[in-house]
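Look for chain A in each of the two complexes below; its partner is chain B in the first and chain C in the second.
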Partner chain A sequence: MARAHPFTGPSLTIAITLLAFLLPAPAGPLWLYGGVVLAALITGALSAPWHGALICLPLWFFLFLLHGVLGADPSWSLGSLSLSREGTAMALGQAARLGAIVTATLAMYRGFSVPRFVDAASERGWPFQYSYLLVATIMAVPRFVSQVHHIREAQRTRGLRLTGNWLTKGRGLKALALPLAFGALAEAEERALALETRSIRAPVRRTPLHVVQDRFADRLARWLGWSSVVAAVVWRLAS
Partner chain B sequence: MSVVFEGVSFRYPEARVPALRDVSVSIRPGEVTWVFGDLGAGATTLLLVASGLAPRHTSGVLSGRVTVLGVDPATDPALQGDIAYVTASPEAQLSHVAETVSQEVAFAPANLGWPRERIWNAVGQALERAGVAQLADRHPAELSGGQLQRVVLAAMMALEPRIWILDEPASALDVSGKAMLHVLLREAASSGAVVLVASEDADAMAGVADRMIVLSEGSTILDDAPSTILSGDAVWQVCRGSTTLADLARRAGAIRPASEFCAPYPITVPEAVARWRR
Partner chain C sequence: MSPRQLALIPVAVALNVAVGRIVAEFNLPVYLDATGTILASALAGPVVGVTTGVLSQVITAMIGGYVWLAFAPVQIIIALLALAGARARMFRSLPVSLGLGASVGVVAGALSAVISYFVFRGVTAGGVTAITTLLTSTGLPLSVAVTASSLATDIVDKSIAFAIVGMALRGLPLRMVARFPEAGRAIRS
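Right, the complex of A and B next:
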């Protein structure tokens, strides 16, 4: 994945997200999820399926509870549980959608290189401001996670408690959320100033620092991804 | 060609008092100009205005006229790459699109559209001069504050700017880093660049700067050679500090009034030794 063209990962992730909602549930999203897990394993993003499942697990549980256990017309049983057939199918479809999107996103992050993406965008003649905006959006999640970690550690040194009952945890969240929100605003301002001092407004095309190879396999993968989306749209409209 | 302030006043949004009041100075090329003042005196604002970042980034109201190399720094894109602006916080100046120090230093030259070969040559030389060539392949996030400040300085050196504007550039540097910075400032001035530095480190800047501007409450109060200003009493009336030796002389004079503790105060150690030998 690290050697792939930097447009391939984000492009396929968007295509997979669209396919997850275009394909009929539950079979479509389930097949898609299986394919994404397999692709992640083949391309070396071994931890993505595992981490994806860990992230999705609480949501899967609630989907199963809401639609399967508490769903209308319980018509089959799993052990001592009476389950709704329709509700379980819906839960499976939603869970697979979620799993496919999260796994694809994690696999994309694993191979994503910011400087390579910026170089690739510069090679295509994109204005740097736009590619920077895209990169900042893509990297917002890991940045957010890292900020949460820093703020949590800082607040802990000031006596913040994040263990205990829900009320204590709720209070702790407030102590994290406010610095996070204000910190994000301050950081945005700081970054704008930093970029300004680094010639971002220069009225010339940015030089890519390295040549980024766009191999046949990359182009084929992107083409297949988007062709699948188009085919799925046509199929759903026709059926 | 220089940085010229003509009757410049600046007020931040919702501030009761202006940060700069009717400042008229000309910062000449070929010399290191040092801006000195207490916190809130207006030194950082002066630098932000000179670099065209205020009021564009800070908001606020600017009156008067500022020209840098004959043009308005706030609006003229021709100055891109000509102005190197260094802040006290190196983390705040990172591009966040680099995975190595080399890429970080190459960021601005790439934005200026330089040919790739020229970029990497400039990056190599700048890293050497800043003493961080051994960090070229490290991730900027792994570096200490002092190392980052050197990287930021290298990033600015790579541009070969005609205007150096530095706000407390030594705040994160160790002793050798400060020595490197002082050599850089002198070399930049010798090459004909405009060098404008805001610093509270009077001991260090006294030996580096050619000219000293003292600000108080946004106004220029004193403007002369550092040795003249720092050895006198006037600077103490508007600032809470000067050099360590001048401070020592004043404190000693307060305890035992004597001619050797009166102005002009010694600025350097040899001057103090010559004066206080008895």
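Right, the complex of A and C next:
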């Protein structure tokens, strides 16, 4: 996945998301989920299926509880449980749908390289603003999350309590969220100055630092993904 | 889009995610994942607010699954209502911000309920789904349970988020307020 063209992963993930909703449940999403897990293992994204299952586990549990156990017309027995046949089938389809989408996204994200994406976007002639927004955001998120820890430790030295009743927690929330918001606005000012200095609005086409190869395998994978979506739409409309 | 507006979007999206982490540390039953969207909208107008909301969903979807992109319309509606509230000077005091947040919570909750019911069959994030399950077990139809749980959580969530943004806007240095004309109008009493 890491060697693939930066547009291939996101493109295939969107195609899988659409297929998960287009294919008839429960068989369609179940086959799709199986295929996505297999593809993730083959392409080297070994942790994606496991991590995806961990994310989906609470959702699967609630789907089974809400539709299987508490669903209408419990006519099917599983041990001491009476289950709704229709609700269980629906829960299974929805669970496989979520599993396929989450696993595909995680596999894509594991192989997503920010610098390669910027190069590929420049090569395609995307306006710099679009790639800046995506890349700056991806880089800002982990920095802000770690900033939360710094602010929390600083506020704890001033007496911040993380436990207690809701009023105490509310005060603590204010003590953490407001410095973070002010810090965010100060950072936005610095970035604005940097963007202005670098002539962000200059009407010139930017050149990529490295040329990203769009191999035949990448083009074929994207073509197959989107052809499957078109075929599924035609099939569902015809049936 | 001006460089200032462009620079504000990534930090506002990061704020959405980071405030969500703070809430998780306090074990509070809310998300506050639209705080940055509300702030961006109140400071810099509709384009920045809506872009922040949509990009926020895209980034969350990239990390946790494209399936959550379905909630992007909720972020858009929050951004637009926050802007309308800012233009109506509804961030001028804590009670007014809380009232605005509760009203936005009703709209956002209703829209979330529709998406949650039709796309996710009522099963989304842990807290809301637990309430939905509890209500369904009492015999309520799924559609009613999903609507009630979405409304209840969103009203509380958006009230707190709008209160925080209101406090942030009122606490801004005048030098900063001058750079964002929408903010000046939002807090004028």
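Here is the rule we use: the second predicted complex is superposed on the first by the 172 of 239 C-alpha atoms of A that agree within 3 Å, B and C clash if a C-alpha of one lies under 4 Å from a C-alpha of the other, contacts with A are read in each partner's own complex, and residues count from 1 in each chain.
Everything below uses one rule, namely that a contact is a pair of C-beta atoms (placed from the backbone, for glycine too) under 8 Å apart; a residue touches a chain by one contact, two chains touch by 3 or more.
All of these numbers come straight from a predicted model, not from anything done at the bench.
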| item | value |
| --- | --- |
| Partner chain in contact with A:A96 - chain B first, chain C second, else both or neither | neither |
| Partner chain(s) touched by A:V204 [first = chain B, second = chain C, both, neither] | first |
| Partner chain(s) touched by A:I14 [first = chain B, second = chain C, both, neither] | second |
| Partner chain in contact with A:A40 - chain B first, chain C second, else both or neither | neither |
| Which superposed partner A:P115 touches (first chain B, second chain C, both, neither) | first |
| Which superposed partner A:L32 touches (first chain B, second chain C, both, neither) | neither |
| Touched partner set for A:E196, first chain B, second chain C, both or neither | both |
| Partner chain in contact with A:Y132 - chain B first, chain C second, else both or neither | both |
| Partner, of chain C and chain B, that touches more residues belonging to chain A | C |
| First, second, both or neither for A:A221, with chain B first and chain C second | neither |
| Footprint overlap on chain A, where chain B in one structure and chain C in the other make contact | 132, 136, 139, 189-196, 200-201 |
| Chain A partner contacts - residues on chain B that touch it in the complex | 51, 53, 56-57, 77, 80-81, 83-85, 87, 92-99, 103, 106-116, 119, 155, 159 |
| Residues of chain A defined as touching chain B within the complex | 113-115, 118, 122, 128, 132, 135-136, 139, 189-209 |
| Chain A contact footprint on chain C (complex, rising order) | 1-4, 6-15, 17-19, 21-23, 25-28, 32, 35-36, 39, 43, 51, 55, 58-59, 61-67, 69, 120-124, 126, 129-130, 132-133, 136-137, 142, 160, 164-165, 167-168, 171-172, 176, 179 |
| Touching residues on chain A, where the partner in the complex is chain C | 13-14, 17, 52, 55, 58-59, 62-63, 65-67, 70, 90-91, 94, 97-98, 101-102, 104-106, 108-109, 112, 129, 132-134, 136-141, 143-145, 147-148, 152, 162, 166, 169-170, 172-174, 176-178, 180-182, 184-185, 187-196, 200-201 |
